[in-house]
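You will see subunit A twice below: alongside subunit B first, and alongside subunit C after that.
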Partner chain A sequence: MTATTTRVRPERKAVVQGSGRMKKPPGLPWILPALVLSVGLIYYGIGYTGYISTLNWDGLSPGAEHVGAHNYTRIFHDPVFWDAVRHTLVFFVVTFVIQTILGLAFAVILHAKLRLAAIYKVIVFVPVVLAPAIMAPVFRHMFAPDGELNAVLRHVGLGGLAQPWIGQTSTALPVIMFITIWEWTGVTFVLYYAAMTQVDPSVLEAARMDGAGNMRTLVSIIWPDLRGTTVALAMLGAIGALKTFDVPYLVTIGGPNYATEFLGTYIYRMTIPLSHVGYGAALSIILLVVALIMALALQFAGRERKGR
Partner chain B sequence: MFEIRTRWGKTLLQVVATLLIIPYLFPLVVMVKGAFAGEGVHNFAAVLRVPGFGRFFVNSIIVSAAVIVLVYVVTMMAAFGFAKLHIRFREVYFWLLLACLTLPEVVLLAPLFATDTRLGLYDTYWAVILPLAALQVPFAVLLTRNFINSLPDELFEAARVDGANSYRGFVHLVIPLTRPIAAAVLIFTLVASWNDYLFPLVFLQSPELQTITLVPQFFVGEFSNDQTKILASAVITAIPEIVAYLSLQRLFERGLSAGAIK
Partner chain C sequence: MRSLSSLKSLSVLVAATLAVTGLAACGGGSDKSSDASTATSGTVNWWGWTPTDTATANGYIAEFNKKYPDIKVNYKLVNISDWVAALRPALASGKGPDVFDMQPGAYVTQFKSFAEDQTPLAEQALGAGWKDKIAPIGISGLTADGKLTAMSVGSVYAGMLWINGDIFKKYNLKPPTTLSEWQHVCQVLKQNKVGCFVQGAAQEGFDQDTLQSIANSVQPGLWTKVSTGDAKWTDPGIVKTFQIWKQLFDSGIMQEGAVGYQQYPDANNDFLTGKYGMVMMGTWYTQYATGKAMTAALSAAGVSGAKPFPILPIAFPDVAGAGNTSEMYGDADFGLAISTKSQSKAAAETFVKWMATSTEGQQAIADQLNDLPSVKGVTPNFDQIQLVDAASQKGPVQDLITKAASITEPRESLLSSDVQNGILAAATSVATGKASPEDATKTLQQAAEAAGVTFK
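Now for the complex of A and B:
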């Protein structure tokens, strides 16, 4: 026993010293291209945006007026900005919760070895691969007043539910959320499916011996084991919500009456069509700060949990 | 993992699964059905006859290929440097890179637009390729660095003892050994660049340079409000993606899921 420990220790030490004993060659030239491309371009962009955010500028004319923090103070009194923030929050909570439930359900169903499982998997995952920009006209068509959804509703005798889904403020945001959930459940599902295969089978066996049913096993053993995946998905969802652009821009154009305006679409609207470049830049900086704070907070929450 | 013993339970679960899958299938059915409505197959013929339609595909291939090559080369080098070579303040550089992970692309619109017009890059492939690659690199490096970290140091030291310099270590060890992770990087970079909409929308003005995500817009102009043609063009543009996914299912699922955990 003692012999083995004394034998193991020097070896481990040797490995630790190994890196010091043999000097590693310099690595800076190797990371330089990545730093120039990514850090260079992105930080340059952020810095420039920061500068533009202090201007009253249309993006083209040379005489931009310096206005200090004026754009920022305006933002806080801008009702559309607060609408966009509210939409982002609601959007994140709803899509995250529903996607988690559905992703989990599909993962469980596929682990239960149903028939046609391979086909179910393909159907749920195909939307992940398809470009939202390509699918946008399909959804505009599907949710149109004379579209397929209303046709189906009338066909099954629920004609009373038929409505202009995209054209009214009450249903436009839910439509955007539906499309997003449709698009991303595949990832949630594949990640949960993979994480479930990591659950210790002997623990499951023990639980079953103790008389735990499927539901009980899922809630008490599998779900807690999936925490890491859930935190990662929450992070992805939160940042995805802040980045949302393609779907609301192409399906509802942020409307009707700003009902589906997000920070991404609002910044675009301000910067490109309306040419309030300075104001758009100030919105961008706020978006960036929120994204960073959220990422750090979620990272922190994830670590806390792991520590426990 | 789950045991369903009764026949009843099995049937019930099958029904539930089928009900849950319908909303996922429905938009795809709407797309195909709409594309064949009215003039049927002629919708597709009409779309394919439009001059310049093939150009969108060529452009998407050029942009995606360039982004992939750029991301691959830069990422492999950087991940090797971070994982196995000596760098002062290594973690500082790494965190600078990681902070870029959360960046929404819309933030870059104004500064890149102003800079591109000044440098004459506006309305060229580069205006899209460079920012797309820049946004993919941080996560690709994170993933690949973790992978190379798990390769034993002794391997690289042995190569050094045998007189191999960093360059040979990179070519003969890093490149072949990182193949599994490179596949994941390749897939999520491909999907991200192929599906990107905002950069081509803002930075590519001439139709001869535009990518496939701008096809619906182009056809709204071309066929004014003939929905069936627009849906037919959506089907045609979706086919390569679906074929690629079906033939490399595992790779796509793994790659995109790896890409998801940012």
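Now for the complex of A and C:
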């Protein structure tokens, strides 16, 4: 690796010194295709969405009306928007905490010398690769009033707990969170499992010699070493929560009575079925801004601790 | 050096090509003036949410192909909940259907700019007096800005319930005519571990049907008045309507978790698989009175080898107890619109003309019992239609069709998407106890005003 680096550097220097014309940085042509695609597709898209957000438009008619910031002021008085924000926050906190606990637990357990460990790893990770579109009907059936969950509850004498899980506002959001946790704990597990392999064995050995038990070692030695992974998972979880669409749309369509409405489902509802494309674009811009702020804040929090 | 320069040039070329092809892609689909078909040959892509099973649509197409064997019609069934999401980009891109279903109300508003004016086609097929030959309900709702956006193929009417004849017979039950009788039926069925009434209360269109029926029981015609702005959604009659709606949930008539149910596929599948004894569906459900359509529907619902059972239409009970017979209401179920961007317009016109105006096409529509034909004088040929149990079904089904022919009260054609969304929000918030009927109707009134409805 080192040898390669030292061989490349003099060549680059020679090119720069070779002629006046070639002194210009040669990077632009190399990144131009990617730049065109990136600017053309992503940043142009963002810019165009920003423009649409100032319109009162159904997305098809030729006569779009300019309304300035009216869509944004409407959003801040829209109770469904605030419901969606609240659901996103609750969803992030609950799914992140539970996935972290479960992922960490699975990683610790599977670092012990278990028989058939490889099979357990596969079992934990399989939900990650299953498409939500495939699993949604299964969960709809499982949580239906006459579904498997209620059947099991009745069978074990807990029929009093049986209820229409996705058909009432009090339990619909927990069901969505349960499905998400089931789906994504595998990723948390894999990242923690990999991070744990980087913990210095001599430190663990020293802790043992100092009399630390399993829990003490986990809390005081391993967990602090996993901080970088936890911050990365928090960032991914936060952005994932903001982008949440597939599971609530496929399982509950954002209902009942907006009980599982997220920013993603609300943007879709306003833009497609209700044809308020300008309003949906304004919601999208707000989502983008919140995602950027959240990502920067989490990254900043991670760096700040690193600097201490 | 030369190679670096070449690479640089290549990169610029690639970038320029990407940009140009991107722009070309953006501009694609604008030139759609050519027609690859003739009046007797070509390929027509037809998208629809109804007929709700492809077997019925293919039955129409098979009849059509007897006369026009060189026109290939491909039917694509799109679930009604995905209809707008699927059709908007398809039509806008120019890669969508040649012919698509159109329904009065919100769909006409949204898609009228993509539909050819079919007035000339109607005149060509039925003559100058074409309006007198078609059910009026199939013209007014499909006309917008002076343009006939679609030719009505058939009409549908709602405002009745369908019951499972076998279940009612087994438990010796009579169709309920009042709210208390309805509760009694549900009690008996529940005691026998059979579901009573199933509704997909998460879908606005079907909540509207039940609410409109309740409103017609409270005060006939009131629902139409508030839909047109002649009365407000806060009218005491509408508040009473929502109170009765809430009673349906509280008294155990509605199934548990109804607000998390979709009418299609959840409620439909549950009724057709015999889990429930009653469902709120319209005349389009008449098709399942036949053994063939019900067997196909059972198969689509994932039930293999199930035995078809007789379904029977009954009047919506007088839930308000005011002595009003709850009247039915209806719209053109679907007209067939021809896309302005179609490249097979000639063949598409032939297909639409055959379906909507020819005796053969309309007879095929009538005999499928999915729609009531739009051309006057065409009626189902019950000698050829095989009902599951003709003895019990033939009378009620014929009565339903006769009664529907005189209905003029609109179903959804007066409501915009925003108002429909407001009705759904009001219905689910009342059902879940999040809002009182009074508060929900106030919010609904505000939503209707915000949507541009002018109230007197």
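Operating definition for what follows: the second predicted complex is superposed on the first by the 283 of 308 C-alpha atoms of A that agree within 3 Å, B and C clash if a C-alpha of one lies under 4 Å from a C-alpha of the other, contacts with A are read in each partner's own complex, and residues count from 1 in each chain.
Operating definition for what follows: contacts are C-beta pairs under 8 Å (C-beta built on N, C-alpha and C of every residue); 3 or more make two chains touch, one makes a residue touch a chain.
Everything numeric here is computed off the predicted structure, so don't read it as measured data.
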| item | value |
| --- | --- |
| Subunit B versus subunit C as contact partner of A:D146, first or second or both or neither | second |
| Which superposed partner A:F125 touches (first subunit B, second subunit C, both, neither) | first |
| Touching partner for A:T180 - first (subunit B), second (subunit C), both, neither | neither |
| Touched partner set for A:M196, first subunit B, second subunit C, both or neither | first |
| Per-residue contact with subunit A, leading partner among subunit C and subunit B | B |
| Contacts of A:T95 with subunit B and subunit C, given as first, second, both or neither | neither |
| Partner chain(s) touched by A:T230 [first = subunit B, second = subunit C, both, neither] | neither |
| Touching partner for A:N71 - first (subunit B), second (subunit C), both, neither | neither |
| First, second, both or neither for A:D58, with subunit B first and subunit C second | second |
| Touching partner for A:I166 - first (subunit B), second (subunit C), both, neither | second |
| Subunit A residues contacted in one complex by subunit B, in the other by subunit C | 15, 18-19, 22, 26, 29-30, 33, 35, 37, 40-41, 59, 268, 272 |
| Residue numbers on subunit A that touch subunit B, as the complex places them | 15, 18-19, 22-31, 33-35, 37-49, 52, 59, 102, 105-106, 108-109, 111-112, 114-115, 120, 122-139, 141-142, 147-148, 178, 182, 185-187, 190-191, 194, 196, 199, 204, 208, 214, 217-218, 222, 232-233, 235-236, 239, 242-243, 245-246, 250, 263-264, 267-268, 271-272, 277, 280-281, 284-285, 287-288, 291-292, 294-295 |
| Interface residues, subunit B side, partner subunit A - complex | 1-4, 10, 13-14, 16-17, 20-21, 23-28, 30-31, 33-34, 70, 73-75, 77-78, 80-82, 84-88, 90, 93, 96-97, 99-115, 130-131, 133-135, 137-138, 141, 153-154, 157, 160, 165-166, 170, 191, 194-195, 197-198, 202, 212-216, 220, 227, 230-231, 234, 237-238, 241-242, 244-246, 249, 252-253, 256-257, 260-262 |
| Subunit A-facing residues of subunit C, complex | 1, 4, 7-8, 11-12, 14-15, 18-19, 22, 81, 84-85, 88, 92, 110, 113-114, 201-202, 255-262, 266, 275, 417-418, 421, 425, 428-429, 431-432, 434 |
| Residue ranges of subunit A in contact with subunit C within the complex | 15, 18-19, 22, 26, 29-30, 32-33, 35-37, 40-41, 58-61, 144-146, 163-169, 172, 252-253, 255-258, 268, 272-275 |
